[in-house]
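You will see chain A twice below: alongside chain B first, and alongside chain C after that.
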Partner chain A sequence: MYINKNLSENIKGRLDDCDDLVTRTFPELEIEVLFFGHLVGEEELKNNIVQPFSNINSDEVKNILRRKEFKQEEDINSMVSGILEGKALVIFKNSLAYVVDIYVPKTRSVSAAEIETVIVGPKEAFIEDVGTNLSMIRRRIKSDRLKVLSYKIGTLTQTKMYLLYIEGITSSVLVKELQERINDIDIKGINDLNQLIQYLDRKPLSIFPQYFTTERPDVSTSKLLEGRVICLLDGSPYSLSTPTSFFEFFQSPDDYNQRWLLGTLSRALRFAALVITLFASAFYVAVSMFQYEIIPVKLLHEFIKSRSNVPFNPLIEALIIESIIELLREAGARLPSKIGQTIGIVGGIVIGTAAVEAGFTSNILIIVVSISAISSFVVPHIIMTASLRIARFIFIILASIAGFFGIIFGFIILLIHLCSLKNMGEYYLKPIAPLSLKDIKDTIIRAPYQFFKK
Partner chain B sequence: MQNEKFKPFYLFFITYMTQMGIVFFSLPNIIANHFGYNGWIMIIPISVVVLIHIGLIATIYSFNKGESIFQTIESLNSKAKMILMPLYISLSIFWSILSVTIAKHYVHVMKFLYFPQTDIQWFVLLTLILTFYLVTRGIITIAHISTIFFFLSAPIIFLFLYFVPDFSFLQFSTFLFNENKDFYGGIIELYTAFLGFEVILFMFPYISKEKSGFKYVFWGHLYTSFVYFIVTIICYGFNSIQQLTRVVYPIVNLVKYIEFDFIERLDSIIFILFYLKVLITITMYVWISLITLKRVVKWSDNLIVFLLLGVGYLSTLAFVTKKELIFLLSALTKVQLLISVFLPLLLLIITFKKRRSND
Partner chain C sequence: MTRILMIILILLMQSGCKDQKIVEELGFIHTIGYESIEEGEDIGKLKVTVSFPVAETLKQQTNTIVVDTPRESMIFLNQKTNKNLVLGQVRSILIGEKLAEKGVWDLIDTFYRDPVLRPTVKLSIVKSSPQQMLSKDYPNYQMVDTVIEELLTKEARLNTIPEMDIHKFAKDYLDDAIDPIAPIILQSEDGIMSEGIGLFSNDQLKAFLPKIKASVFFLLTGEFKEGNLLIKINKEEKVLFSFLKNKRSIKVGLNNNEDIDVNLSIDLKGFLLEYQGEKDINNEKQIAEVEGDIQEYLENEINEILEIMKEHQIDNLGLGKYIKRKMDYQTWKNLDWPKSIDRVNINPTVTVTIIDTGLIK
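Entry: the complex of A and B
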């Protein structure tokens, strides 16, 4: 749409009822400037617009408009979208239009990571401004092989999205596949990267997360170096990486920043935590409903004594305590941190002890459930923890139906599901299935760096 | 998924996991019953014979360069497929019945030992659900799953170190095969304990071609023999021959002896962990019956597997007691033994004929 007459009226017509539109005029120069005041920086406005047009005569205007920050625009749609993106539209003689980028995002400053904390290593985390996030990655990879593709997601929100990969390391098939998936997204708007992930998902019925998200630029950088694709979305302090493997969710930057033995041992600890959080409560239910014989005689006495006052069967007992833990966790997540501590005390000490004394549950179950809850928080990534919690409830119910056989049944279903899952053409359970001894040294264990080939 | 292939080393896991089955728990009893004193020695010659048998399969593999055996058979005559169709259908039904029987037998022992009040049909149905789910994921997933199951169940072998202090060479005695009852029947019984390697025949097109990939089948078989051997020797050194002939599941009894500070009577866990191996055995037989039937009909995998399992389930419905199941299983495994002997021989003849006509 090319309109050269009465440009100002046309633009203002498009932005009708947008009372936050600011108009600034320089009548003696026949110049009108349109912009959204809250999107632009005061300093930039002063330097690029106000100062150049002050105290000059009309002959000099053309010289100023020839400066490189003034970009001539002829399409009215681009003019409007320019204004919406935080640019200033300079209209000269009501027929020529120029856009000047004076956008300054108003976001918080970079701060330390809150969820994925580390003991040793960089502390900074992504923020809501995608430009800053991109700069954090560019600062870490100073190479022309780092490619950045830009997208707009959402027909209304027009949210900026960047797709990053390193040429020569990432397979081009992967980039193409992800591009296709991004182009397939057809929505009005998007608020967060975690929503985007669910649109990209091709296995929505699985309980396991299909994409790896992180709030740490150092982790994103290492994913890029491993040949994965990274996505950044404006307004979201996260990055996503794909293809994803199950074992990624059990890695923490700490493993790499500390000495290898410590890294390997803490990974082993996390896998032990995985087993405990999945099976501990189910094991209790199976033992107390079907397989009493595996408890040693010395312990059996205490075990039966602690269960003797409980009026419910082990399944109900376990489900009650597990639900209480879930309630506490959910309440803790919603409450401000200062009150959150009180919840811990009320839940942990008061309800725990009282439940046993009131004969609601057995002591041993409280121990088992607490250990499995603590173990679930050993897994470094919150989204995986959530998946494991769902699986835990399924295992408890299966254990109550057929004891150990029920647990094995559920476990086999889980394994087959994990084995057949694929993310962007790569197996989810890599390097266990398909088995690759070469890759195990950086997934299950963390071998010394000298063992990795370049 | 015709194009997808797996690396040859998966053959090790598939061979071992398919060979190893419920017979593991009763093996020392079978050997003691048939061969008597020092019967464990018989594992070695039988294992060597099986090794030769696998050698036959390896020859076919290398001659046909990984061509599917169906193609080999059908290449004989252009009309062969029409004649073979009834054979394919009956073989595939036979294998589905065999696999359901294996499932039923395991489940029956499990019920007998740990769930005396539960109806075995429930466990059979659960097993068939798992089998259905696993078979329809395709051979690649089956290969991956059998690898994972191997690593989950393989450490059990270390438990047998627990028996070393109580192991006594006195139990072996100096007699050889005394008190044996049915020597030749024993050989067949022992041979069927090794069955399962013949499923490799059907996997030729799925193995990615690499040099000497077939050696992993040999290794898998040797590992099975090793496990059988170790376990039987320990049983012989731990029990007297009279005990071995009377206890039906000597391994279960053996494991019951293990006692740790924090856990007692591991046998239920171990026995149920063994389910992983049995499931792979069942899955492999259902899988070969699936790909056999696929030569005849063009239905979806889901439908074929569902029908096969349904047929297998219904035709074994009447067999419930232990005696009936053991009778059925031993009859079926003997037929399977014949198949596994004659099928490679037939293939070898066809292959030689083809080579001669080509020359």
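Entry: the complex of A and C
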């Protein structure tokens, strides 16, 4: 048994220049307690350390140290990391060390989801503390088959990460594969789960998100039940789930909480929005530059009337308005919500109307671009929305090169790319490609629950 | 990454490689009129008139040119306007009567081959000159070309003229068992009006059926589903017969491939909308008499139509299709349809049932 003769000095030497280290001594008991004041809870400190060691004789100390919350530690490294993790190190007679976990994270309390809001259903969202997040999931799945594996990510930040899966539902190959990828990550530190995703990515050049993140514990729970693995990272109010399918990004808890017909219809609406947001502006460009044949003659007159004062060609015109929308979106995202509304008014009303009156753009284009912007917000997941925005610009440029031929060309390339994407061995477009009729019940439609039974 | 950048760069450089058609620079031809010049120094040449709406003012503009072939007309017409004239929005083609008598297939063929044109472009024969029809100022119409298109659509819906587009015309032309037809429109004092149908032999206009006969013709084709028939039994008696059901059946009987019998029967059910005459239409016996009169009248009309067809050796009803089914290919070839139409005995029978006399008292 390795006993360090001058333990206290040694540890303080390791934590040299760390002025926030608190030392409390009980000289008559030969006890020294080391901890970081801002990591531990007042109450816990009082109950576990201050009170037991007050008003006792030196004989009783051994009894107290035998309590179950006192864990004897022999390795200096783990003593130091214990202190860093918010534990208190109790040094007895300068040779025996015990750690007591009195860590209380200072974070906000659980509040309602802000990004993935629902009309019907639970409101709570994950918070920055991983323990609380884990408890939210444990509370929902009271089964011993829910397994939790713990990792530390980042050589310096030592961020806690949990990997959750349900034994018997999730394939063990998947868990092993993900474990390997996590072990491969070699970085100094990490702040958020969305960063972690990019380290796990095997196709970083794709514009599509390859891991599904959510801030909702109910969604994470249902992902677990579907046989997916989820990850929680300390300091990040998100959970990651994998393998991911393209269609997941078009699902909302509302689909499941409301009656199936409504769920199916609103899902259909979202896919319609996907088509609109990808192709609306490109369609405008293609029609006004190449295939004028396809619009009804009366609409064509309005089309020309609104275009006749515009000095730019349709591509430049579309790119200008699309960029203005992107500017507005970016400005709205960076500003506090109260000023954000002003941006909406300035952007939407003032610029929109004035641009048309000044002969800057045609009002049909304003309608087209606004509809495609609104449609992009119908897609429930922000990350997917961002990907679609990039794709939209590509389609506009392709449309200006070869009209509908260009759009179809781009669409085929997009389909090939989507079909070739794989996430943890599963195809991204599953169950459409490869087709699996059995699983289609919950992708494009949401069938009644009675049909889900096997 | 460089590969992707190269692809993007190459794509961007392609942007001049297809002829762009930016909408506001285009003039969308709405109606094209063709006629042959009958006198003067340009005799035998083609006069082409196009009308296209100017979107900014919502007025139509017409241009006329005299050329040798239909295709070169586009080049010369383009020189006469600031817009780039395109064919992608053509809705109707008007052909002058004289030109139609000479043959129209060359014209239709050029259009039919062009993928830019929709195959549903409407085709009609103009009794006067298409140029006059398109360029005249009508007090009641803002744009005459849209009026022509709407008139043709409406009349086709009301079953007085056929819905004839270049696709259907080409189909009937290329089928050896049927001859095409086309609607005829006329320029009148204060506007335009539809005037019945023209019967073609191959691609040449041969005969003309006025409005009432055109309706009866439709009964024979079986396309007439619902509508009104104005029947003048004699000078005093007039019936407006509105019918709900029209059952047409054609039966072909062959005797040694020599005698061909065609039984053409029409079964009409409907009600009287209007009756002017002596008979008491509340009396069942008298109604039966009215039914008989209508039958007789319709049979007469049908016989007249058949006479016209036999006279010109044409088969616009498509009787040939039914005869073709009954015989093998060689016999059909030897028959030389429709020149042999006068060898065929066609027996029309009409059955009229009046199921209601309405509220007339």
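Here, the second predicted complex is superposed on the first by the 450 of 454 C-alpha atoms of A that agree within 3 Å, B and C clash if a C-alpha of one lies under 4 Å from a C-alpha of the other, contacts with A are read in each partner's own complex, and residues count from 1 in each chain.
By our rule, a contact is a pair of C-beta atoms (placed from the backbone, for glycine too) under 8 Å apart; a residue touches a chain by one contact, two chains touch by 3 or more.
All values derive from a computational prediction rather than experimental measurement.
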item: Fit or clash between chain C and chain B when superposed on chain A; value: clash
item: Contacts of A:V297 with chain B and chain C, given as first, second, both or neither; value: both
item: Touching partner for A:L435 - first (chain B), second (chain C), both, neither; value: first
item: Chain B versus chain C as contact partner of A:S420, first or second or both or neither; value: first
item: Touched partner set for A:N94, first chain B, second chain C, both or neither; value: neither
item: Touched partner set for A:I408, first chain B, second chain C, both or neither; value: first
item: Chain B versus chain C as contact partner of A:K305, first or second or both or neither; value: second
item: Which superposed partner A:T117 touches (first chain B, second chain C, both, neither); value: neither
item: Which superposed partner A:I397 touches (first chain B, second chain C, both, neither); value: second
item: Among 4-12, 40-48, 238-246 or 274-282 on chain B, the segment whose C-alpha atoms clash with chain C after superposition; value: 238-246
item: Chain A positions touched by chain B in one structure and by chain C in the second; value: 290, 293, 297, 402-403, 405
item: Residues of chain B touching chain A in the complex; value: 6-7, 9-10, 110, 114-115, 118, 123, 126, 130, 133-134, 137-138, 141, 144-145, 147-148, 259-266, 268-269, 272-273, 275-276, 279
item: List of chain A residues in touch with chain C within their complex; value: 205, 287-290, 292-293, 297, 300-305, 307-308, 310, 313-314, 397-398, 400-403, 405
item: Contacting residues of chain C [partner chain A, same complex]; value: 1, 4, 11-12, 14-15, 18, 20-24, 26, 28, 30, 53, 55-56, 58, 86, 88-89, 91, 116, 118, 146
item: Chain B-touching residues of chain A, taken from the complex the two chains share; value: 290-291, 293-297, 299, 402-405, 408-409, 412-413, 415-416, 419-420, 427, 429, 432-435
